[in-house]
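Right, one structure below, let's go through it.
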Amino acid sequence: MRPHLDTPAGTDAGGSTGLFRLHPDGTASRGSRTYGLVVLAGVILFLLVALVFSPADTGSENQMGDMVRIMYVHVPVAVACYVAFLVTAITSIAYLWKRTEGWDVLAVASAEIGVVFTFLTLATGSIWGHIAWGTWWEWDARLTSTLVLFIMYLGYLALRGAILDPVVRAKRAAILGVVAFVNVPIVHYSVTWWRGLHQDATVSKVDPSIDGLKLFALMFGMVLAVALYGWLMIHRFRLHYAAARLEASGLDRALAERRAEARPDAVTADAASTDAVPTDAVTTEGTLS
Amino acid sequence: MAEHPGPRPGSLGALLADARLVAAKDLRLEWRSRVILSQVLPFAVLVLILFAFALDPDRRILGQATPGLYWLAVLFSTLLALQRSFTVEAENGVTDSLRMSGLDPGGVFLGKTAGIALHLVALQLVLLAGVTVFYGTTPHGPLLLLAAGATATLGLAAIGSILGVMAAGLKVRDSLLPLLMLPMVAPVLIGASQAFTAAYDRDPGAGWRWIAMLGVFGCLYTAIGIVAFEPLLEET
Amino acid sequence: MSPLLAAQNEWAYVAGGYGVTVGALLLLTVATIVRGRRVSRQLPPEERRWL
Amino acid sequence: MESVVRFRGAICLLGRFPALAGVDLDVSAGEIVLLQGPNGAGKTTVLRACAGLVPVVDGEAGVLGTDLRTDRRGVRGRVGLLGHASGLYEDLTVADNVRFWARAARARRSDADAAMARLGLDGRLADVAVNRLSAGQKKRTSLAVLVARRPRLWLLDEPHAALDRDGRDLVDALMGEAVAAGATVLFASHELDRAEAVATRTVNLAGGTALATGDTAAIDRDGSGDATTAGTDDVGATRGSGSAGPRAAGPGGGREATVG
C-alpha cells in the first residue's frame, strides 16, 4: 500500500502561504489540504442551502415543515456510514488475501469513521422521531438495524483494542469485519419483516414529491458526506499508518539489543539484568495463549 | 511413518471425519466434567424463573412472551456454553496441540459447532419443558417448532464458534464475547421468536419464512466458519 | 400550540440535529489532526511518504 | 548427510520482541542435538519455529525439506513438539487424550495403546483425568502422544523437567529409540549432565543467536567439559564464546560473528 497517491514526494511544504501552508509534522499533504478546503467550502454552502435557501416542506402531503431539514443530514450520514462499513469489509477481504499491513490500517480507519457516522445517523434519526412520532425512539426498521450495526462495530473496535499483537489483531479483525458486514443485510431484512407486521414508517423513505432546492440539498448532502468521509479516511489512514510504522521502527534497535545479550562481557556485566529479559515460557505464553 | 488409515487428507471425508472426532471429544469432555449439565442447565432454568419474577406471576403476560423469553434464555445459555467450549481449547497449550494435530481447521470448526449444537439441543429440551410448566403454555405446531429450533441452533452454534475462537485466549473474553455475539445474533432471536410465536398462535403459515431466514443464516455462517477457522486458529 | 410556537420548536430540533452533526464531525477532525501531528512527529520524515 | 533443520539468519518476533535475532542452525538426520543457553536465550522459540508455530519473518528456515517461510503448516504433520504446557485436555482421562491426539494425527489406536504402555501409563493411570495427575505424570502423557504420532523430527523443550529418575531415563531411552527408528531429535535442557551424555552435539544460544556448535564428546574428552557442569544458566551463555569470538562483532556485524 502506498499511503498517498495525490502528491509527489518531497514537496516543499514551507513554500506556500495562508491556508495552504502545511504543518511540518502533520498528516496533511498538499493534495489533502486542497481537498479539505474544497470540502470545507462545500460544507458552508451546504449549510446555507439546507438551512437558509431551501424552503420548508409545505407542499407535500406529509407537511414536514422545517423538520425536513433534518433529512438533509440524516440521510447523507446514513449513506456515509454504510459506505464506511462496506470499505471496512472490502479492505478486510483484501487483507486476508494479501496480508499486508496497509489494508488492515484502511479497515480500522474506515470502521472508526463509520462508527461516528452511525452515531450521527442514530442521533438525527432520534431527533426526527421525536417530532414526527412524538418519541425519542421508534422501532423503525432502518433505525433499529442501524442501532444493531452501531453496536456490532463497537464490538469490532473493542476486539481490536483487546489484542496487542499486530498480526493477530489484523487477522481476527479482518474476519470480524467480513462476518459483521455479511450480517448487515440479514439484520436489515429480519428487522424489516419484524416491523412489517405492525407498521411501515421509516425515516429514510424519500418523499417522491421532494424536488427543487430540497432535492438538491439532499443530493448535495450525500455527495458531501461521502467526500468528508474520504478526507477523514486520508488523515486517519496516515495517522494509523504512522502509528504502525512507529511500533515497527523499534525492530532494528531491538535486534541490536537482543544480539548484544550474546556478548560475553554484556552477559557477565549485566548478569543481574538477564532476569529482566522475558524467559522463554513467559514470552511464548504471553503472546500465544 | 505409519500409513494413514481413513480418508485422504484434504478430502471432504477427512473434513467430516475430523469434525466427528472433535465433536465426539467435546461430548466426552462434557460426559467427564458435566459442566454444562451441572452449571449451564440450572442457569438456563433460573433465567426462566427470573423472567417470571421480573414480569409478573400473571400467566397471561408470561404466556404471550413465552417465545421471546425462551429464546433469550437459550441465548444467555449459549454464551456460557461457548465460554466453556473455547476455554478448554485455549488452556494448557491445547491450541498449539490443535495446530500441530493434523486436524483440518474446517473440521475443527464443524466439530466444535456440532458439539455446541448438541449441547444446545439438550438445553432446549429442558427449557421447552420449563416454559410449558412454569409459564403454562402448551406447544403447538411441532414441525415448525422443530424446524425453528434446528435452524436457529445451527446459526447460534456456527457464529458462536467463529466468535468464540476469536475471543478465546484474550484477557477480556468474558465481556467481549457477549458484545460481539449478541448484536450478531439479533436476526436469530427475531426469527426464532417469531417462528415460535406463529407456532404457539396456531398460525404456522406466518412462521415458515422465518425458517428460511434462519436456514440462510445458519448455512452462511457455517460456510464462513469452515473457511475462516484456518486463519483464526493459526493466529500469527 | 400556536403555529409560531410549533415552528420555533421545530427550529430548535433542527438546530440540535445540525449542531450534533457538525460538532461531532468537527471533534473527529480536530482529534485526527492533533493526534496525527503527535504521532507523525516521532516518525522520521522518510517514513512519512505522503509529504 | 540429509539436512533436517537448516536456519540461516532466522529472525522470529514474539509481538515486537525479536526472540530470535538471526539464528544459524544445521541439524542432520539421525542427530540428537542439544540446545543450550540461559533463560530467554531463544531455545523455546527455536523449537517452536521448527514446529511451524512461530513464523520466521526474515532469513532462511527449512525443516524436513519444507520452507517454513512459505509453508509453515506443511511441516507440522511430520514433527512432534513437547512444550512447557501439556497440550492436554484437563478433564479427559489419559487414555482419552492419547487416543484423541493419536487419531487426529491419523495414527492407529494400537499405536496409541502401545505408546501408553511404553510410558507406563497403561493400567490404573489410563482412566485417571489429567487434572488429577502429577506434573511428571502429565509429562509422560504428553510424551505418549508424541510417541504415538511417530514424528520424524522430535522437538523436546525441557523433557527432563518434572520427571523422576526413571522418567528421565525413559526420556533418554525414547530419544535413542527415535533416532534408531530414523528420526532426528532437537531438544533443550538444563539437565546438562544427562543431556550432554545423550546428545551427539550441542548448540549454544544466547541473545537470540547461535553462538557455537561443538561436539560434546570432544569437549568432554579434552577436559573442558567441567565448565559446562557448573550448572548455572549464565555459564552456558559464556561457554563456547571464546572460540566463536562474538567480541569481534562490530556494529552491524552481529550476524556474521555468530555463525557457528
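Per-chain numbering from 1; labels A, B, C and D assigned in written order.
Heads up, the rule we're going with is that a residue touches a chain if its C-beta (ideal position, glycine included) is under 8 Å from a C-beta of that chain, and two chains touch if they have at least 3 such contacts.
Bear in mind the structure is a predicted one, so any value in this text is a computation, not a measurement.
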Chain located farthest away, centre of chain D as origin (C-alpha): C
For chain A paired with chain C, centre-to-centre distance based on mean C-alpha positions, whole Å: 13
Euclidean distance of C-alpha centroids - chain C vs chain D, Å: 57
Distance from chain C to chain B - Cα centre to Cα centre, in angstrom: 42
Geometric centre distance via CA averages, chain D-chain A, whole Å: 46
Multi-chain contact sites of chain B, meaning residues that touch two or more partners: 96, 234, 236
For chain C, residues that touch 2 or more chains besides their own: none
Interface hub residues of chain A, defined as touching at least two other chains: 165, 287-288
Chains touching one another, given as label pairs in label order: A-B, A-C, A-D, B-D
Footprint of chain B on chain A - complex, ascending: 96, 148-149, 151-152, 154-155, 158-159, 162-163, 165, 167-168, 171-172, 175-176, 178-180, 182-183, 186-187, 189-191, 193-194, 287-289
Interfacial residue positions of chain D with respect to chain A in the complex: 11, 13-19, 21-22, 38-45, 48, 53, 83-85, 157, 206-209, 211, 233-234, 237-238, 241, 246-247, 249, 254-255, 258
Contacting residues of chain C [partner chain A, same complex]: 6-7, 10-11, 13-14, 16-18, 20-22, 24-25, 28-29, 32-33, 35-37, 39-44, 47-51
Interface residues, chain D side, partner chain B - complex: 51-55, 73, 76-81, 83-93, 96, 100-101, 103-108, 111, 129, 145, 150, 152
Complex contact set, residues of chain A against chain C: 2-4, 7, 9-11, 13, 23, 25-29, 32, 43, 47, 50-51, 65-67, 69-70, 73-74, 77, 113, 116, 119-120, 123-124, 127-128, 130-131, 228, 232, 235-236, 238-239, 242-243, 245-246, 249
